[in-house]
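Input: structures, listed below.
The two complexes that follow have chain A in common; it is paired with chain B in the first and with chain C in the second.
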Partner chain A sequence: MDLLWQTAVNATYAASYMALIAVWLVMIFGVMGVINFAHGELYMVGAYCVVFLYAQENFPFLLAVAAGLIFVGLVGLVMERTLFRPLRDNPLGGLIASIGFLLILQTLAVFGFGRRMGHVPPWTQDKFEVFGAILTYQRLFVIAAAIVLLAALWAFLKRSKFGRALRACAQDAEAASLQGISMNQTARIAMFIGAALAGVAGALTAPLVSPTPYIGHSIIVTAFIIIIVGGVGSLEGAVIAAVLYAFVHTFVTTFFDGVVANIVGLALMLAVLVVRPTGLFGAKERA
Partner chain B sequence: MSRKSLDRKISRRKFLGTSAASGAALAAMSTGLSRVSFADSHTIKIGFLAPLTGPVAAWGKPGLDGCLIWADWVNSKGGVDIGGQSYNIEFIGYDNEYDAAKARTGATKLIKEDGVKFVMMLGGDTWPGVQEIAAREGMLFSTLLPSDLTPDSTTLLAPCEVHPIYNVTGVEWLAENKPDLKTAAMCAQDDALGKPSVATYLAAFEAAGIEMVDAPLFFDPATTDFAPVMTRLLAANPDILCLDTCYADYVHPLCEQAFQQGYQGQIISCTADFYQNIIEKTSEEFMEGFIFQFPDFDDPALNSEGVNFVNPNEFYAEYAKRYGASAWSAVSWEYASIMDLWADAASSAGSAEPAAVLEAMKADGTGKHAFGTADWWGTELFGIDNALVGNWPVVVIEGGKATIKEFRSIPAWWDQHKDLMIKHMTDLGQMWNQRG
Partner chain C sequence: MPGTGTGKLVRRIAWQLRLVFLFAVLAVLPYLLSYSQQEIAVLLVINVLLVSSYRLLTLTGEWSLGHVVIMGVGAYASALLAKRLGVSVPVSLLLGGGIAAATAAVLSFPLFRMKGFYFLIGSFAAGEIIRLIWKRFTEPFGGPKGLKRIDAFPDIDIGFLSIDFFEPVNYYFLALVVVSASLFVLYRIERSRIGLTFHAIHWQDRLAESVGIDTFRYRTLAFVIASFFAGIAGGLYAHYVGAVNPTRFGVDQMVYVLVWAIVGGTATFHGPILGVVVLTVINEIVLRALGLDTARPLIYGAILILSVLYLPNGLESLAPRVRERVRRWRSGPAATGEGAG
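Presenting the complex of A and B:
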């Protein structure tokens, strides 16, 4: 029973950071029509903000996380202005530009921090038991932060003017423009929030992983599986798919092994594509 | 995004232009050339074909750093005497990113363009990309992983690290010194480094009477969250946690997870690179007694008679001065020790040509391994006697510092338990005649 609870706790943590990363990748695709391959590297940059500010310069952890959120958000703005806006009518160009940008970010990380994994000391080693499972405060903090941020995002999208503009652009950019919604401003907001969320996910989890300049690769692969399962363009789908994928992957890893878990994760994606090609919550037609 | 709109928005010229530019950029990024010193007419070039970036870089880049110290020391003393002429040594680095295709490109470049006389590799997943070139060109290669050896790879040597066979010494020492520990659980990444090491640990545990509580748990090398892996390992409450030959990127989070999930037992691992960071992530008490196989070279035990590595303590001090003590890894000294063997053989042969050096190196069936005189060995396990096997140190973390407890003989273990090793290697498809 303890093993089941521990696995559930592990899966909840995994679902939290996966959802944070995947959910706004969906929105960026919806609003800008760009598949941002550099999204995993934005996670990496967030992690390195913590490596630099917290591990090397001894700033408080929360300050380093906040700095990561803002800095990576600004990187997102630079990407939007210099890469995606000029290539707005050229989706393949945007995709290739994002691949180029990810290589630039990787190289900058190597120059700045070396090729070795970054070392981030834990900000706390405290832990507690829940139904026999051990949960550290570091992991609890990631779970709580993900819930708060995703709830804030939901409120932003559903209740605010900017949120409605974003959803409108994601559903039909041309119609949204005809209604007076500025595509440039909407894309800026989408890119800032998306990048900031990826950055904060990297910053929050930096003490729990081994940050390397190449960590974004495995992150982006997982994020794309989640998006495909959830349905391209669906924020709710991304969150639910993140939970589903995290639980399936974690349970299979624990009760079989990690290699089988990857196969099952990909099989899940294939099964969804066969049964429901648009994903669990995807619409048939999307901009 | 519909296919129709995509087609409309991308012209053929644009597509070709962006594709070509991206391809060129990717090629430039992946080439990762690194020329580390300058040649003159009395210089011999040595290729260093290993991962200098990526998750396996910890077993490549620190080795190149060590070689630079070796070259500076040797060159400052006039170089290597070959046939009455002194030659400086220049290392030409090539980052294969632990990728077979890039290793192939790198080997071709090093041999054809740079004219190297010897190529050092980490091996493993990258060796299959190079094997054909090595055979065709007759180039002398070295690997840190003797599991790369096959009867066909006549110019490939494993002259330093006999991975994973030396892992038996750690288990043997553990069984003798902590006989109350009777059960073990093990995990490994699913690759060419992880699997033969799993077979070795299984053989060593069986020989020591230590029972596996579960089948070895393999995980994807792309894993970043190790909590599920550790939960599974600890589920059967093992006395010993074996981390196999996991990369540093995995050993650190695995140890942290073990600590966080309340494990208080024995840990054994092939490596514990940058172990000071693991202690910082866990505690000195948690890491006390951690067994692995790679000493810090400031260890006084390395000054004992029989150790052939030249000035180990001074080498460590210079390494720490140049790169920082925390940059020391399992391979920091290994490639340099291979160069000691190569330089002796080249001097003895009076030639730097690969065939002559190979013949001189194996002339009497023994060699000066870093940890003592050793035998060229391996026919039963690798199909060829191209691994230099002798003693290997057992290292234990005591008071936050790696300490050599003992040098133990690998051949002595082999003589008693070789059937077990062959059985487990065969079960996991790791014998030379099973590998593709």
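Presenting the complex of A and C:
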């Protein structure tokens, strides 16, 4: 029972950062019609911002996270301008170009920090018990940050004028631009937020995962599973799928092993693709 | 116009002469290379088959991310057959291709329910599952370390003729023969009715269906044929290098295949071959000489982006463009000269 509960707590932590990464990947797909294969590498860059600023240069942790947010957001802007905008009419081209970008980011990380795991000292050792399960403050902080950020996104999308414009673009780009919504402006902001979120997820979890330049691979696989299971184009679906997948993955990892958990996750995704290609929550309406 | 018949004949002879010339160059080539360059030449020949078989799949308009894993299926199968069951290597090579094709046939049931982006992701997932199975099950796949000491190609020793396939030069010629034969088959398939149907499915799948073509079956057929030859390439690789492991058939290898195909251009048969040859030469000569080995992924990434942005039809589209430039440049001064005269 204790083990079950502890595993559930661990899964909650996993769900929170996975949701942060996957949600905006869905949004970017909705707005720009392109799947960003380099999304995992944006997470990796965020993690290395913390490695550099916090672990090597001894800046405060939160400052390093903020720097990661802005820096990775800017990387996202660069991607939008140089890759996705010129290739807007060519979704497959955009995807392939993002694979190229992924290789560049990976190699730069290897040049800057070496192939080996970057060590990030924990910013706090404190932990507490929730009904017998141990939860470190570091993990709690990730969960809290994810909830706050997702709630803020929610409000932004549903309440603000720009959020409405963004959803309009995701639903029908042509109709949206006829209403005077600038596609370029919308894509730019969507990409900035998306990249920044992936960066924050990387920065926050850096002390917990020991980043390597190749960590993006497992991240993007996870993100793909989540957005396919949740339904491409459904933000709510992505959050629910993140929770679902995190629980399945964490439990299988605990009771079998990590590789089996990955196989189960991928098989789950294949099954969803076959049975219901629009995803479990695949909306008739997008975003 | 009179003489169209002879024109055709001349062109045909010119083409055949070019082919003969190409083979002459390929025959002399290894003797001009150092030992390590010969080893690279062997791998290059194998990669030519890999990327050409990939192109057959792209004819139907589907881009798979699992092709390198399918190559791995052929490699593992051939290696295990030879190692565990004592099947002689040339036979195991063919069986390995057959097992790769069978794997593709099974995978086609879930995968070809999808198209485009979903197929891409689905093929990626299927490939990863296969790779993780190799990694997870030490028996018989050897786990993360993979298989080692895979049987080499048996030496040929018939009195006057003895060939030791441990020598890269000899293996180069063996691979060249196998790959040339495979390329010939691939080429004939593309030019056949089946190949034309693949094209039809790519450009007009609804229309193809409405005239009675079972697109699912043809997509599967393309996938199975492509996978057979990828499996052969895998077997050639396994019995040459003598070791395979799950990482060797990972996504980054797949990215290289994509880069070769895209940089070369998939519109023509020779496009992807051009891509793999040019990039390998750049890689081995330029990068190694400059000591930029670690920068390889970065440079590949940049080349990939640049070619998607500025050369969407690949290197093979470069030649006609250059020819056009040259023609205009030549006629340009002539025209102005005429005006002055």
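The definition used in the following text is that the second predicted complex is superposed on the first by the 280 of 287 C-alpha atoms of A that agree within 3 Å, B and C clash if a C-alpha of one lies under 4 Å from a C-alpha of the other, contacts with A are read in each partner's own complex, and residues count from 1 in each chain.
We adopt the following convention: a residue touches a chain if its C-beta (ideal position, glycine included) is under 8 Å from a C-beta of that chain, and two chains touch if they have at least 3 such contacts.
Here the structure is a predicted model, which means the values were calculated and not measured.
*Asks:* In the superposed model built on chain A, check whether chain B and chain C fit or clash.
*Replies:* With chain A as the common anchor, chain B and chain C collide in the superposed model.
*Asks:* Figure out whether A:78 sits in contact with chain B (first) or chain C (second), or with both, or with neither.
*Replies:* A:78: touches no partner chain.
*Asks:* Name the contact category of A:208: first (chain B only), second (chain C only), both, or neither.
*Replies:* first
*Asks:* For A:10, using the defined touch cut-off, is the partner it touches chain B, chain C, both, or neither? Pick first, second, both or neither.
*Replies:* First partner only, chain B.
*Asks:* Would you sort A:259 into first (chain B), second (chain C), both or neither based on which partner it touches?
*Replies:* A:259 contacts both chain B and chain C.
*Asks:* One more residue to check, A:103. First (chain B), second (chain C), both or neither?
*Replies:* A:103 sits against chain B and chain C alike.
*Asks:* A:221 in the overlay: touching chain B, chain C, both, or neither? Say first, second, both or neither.
*Replies:* both
*Asks:* Determine, for the superposed model, which of the two partners chain B and chain C contacts more residues of chain A.
*Replies:* Tallying touched residues of chain A, the top partner is B.
*Asks:* When the two structures are overlaid on chain A, which partner does A:93 contact: first (chain B), second (chain C), both, or neither?
*Replies:* In the superposed model, A:93 contacts both chain B and chain C.
*Asks:* Where does A:151 make contact in the superposed view: on chain B (first), on chain C (second), on both, or on neither?
*Replies:* neither
*Asks:* Classify the contacts of A:117 with the two partner chains as first (chain B alone), second (chain C alone), both, or neither.
*Replies:* first
*Asks:* Taking 37-45, 55-63, 73-81 or 127-135 from chain B, which overlaps chain C after aligning chain A?
*Replies:* The segment of chain B occupying space taken by chain C is 127-135.
*Asks:* Following superposition on chain A, which residues of chain A contact chain B and also contact chain C?
*Replies:* Residues 90-93, 96, 99-100, 103, 107, 110, 217, 221, 257, 259, 262, which sit in both footprints.
*Asks:* Where on chain A does chain C make contact in their complex?
*Replies:* Residues 35, 82-83, 86-87, 90-93, 95-97, 99-104, 106-108, 110-111, 217, 221, 224-225, 228, 257, 259-260, 262-263, 266-267, 269-270, 273-274, 277.
*Asks:* State the interface residues of chain C toward chain A in the complex, per the touch definition above.
*Replies:* Touching chain A from chain C are residues 63, 110, 113-114, 116-118, 120-122, 124-126, 128-129, 132-133, 135-136, 251-252, 255, 258-259, 262, 294-298, 300-305, 308-309, 312.
*Asks:* Which part of chain B faces chain A closely enough to touch in the complex?
*Replies:* Touching chain A: residues 1, 6, 9-10, 14-15, 18-19, 22, 25-26, 29, 52-55, 57-58, 61, 190, 217-220, 222-225, 227-229, 231-232, 235, 248-250, 252-253, 256, 259-262, 274, 277, 280-281, 283, 327 of chain B.
*Asks:* Name, in rising order, each residue of chain A that touches chain B in their complex.
*Replies:* 3, 6-7, 10-11, 13-14, 33, 89-93, 96, 99-100, 103, 107, 110, 115-117, 119, 121-122, 125, 127, 134, 136, 139, 208-210, 212-215, 217-219, 221, 249-250, 253-255, 257-259, 261-262, 286-287
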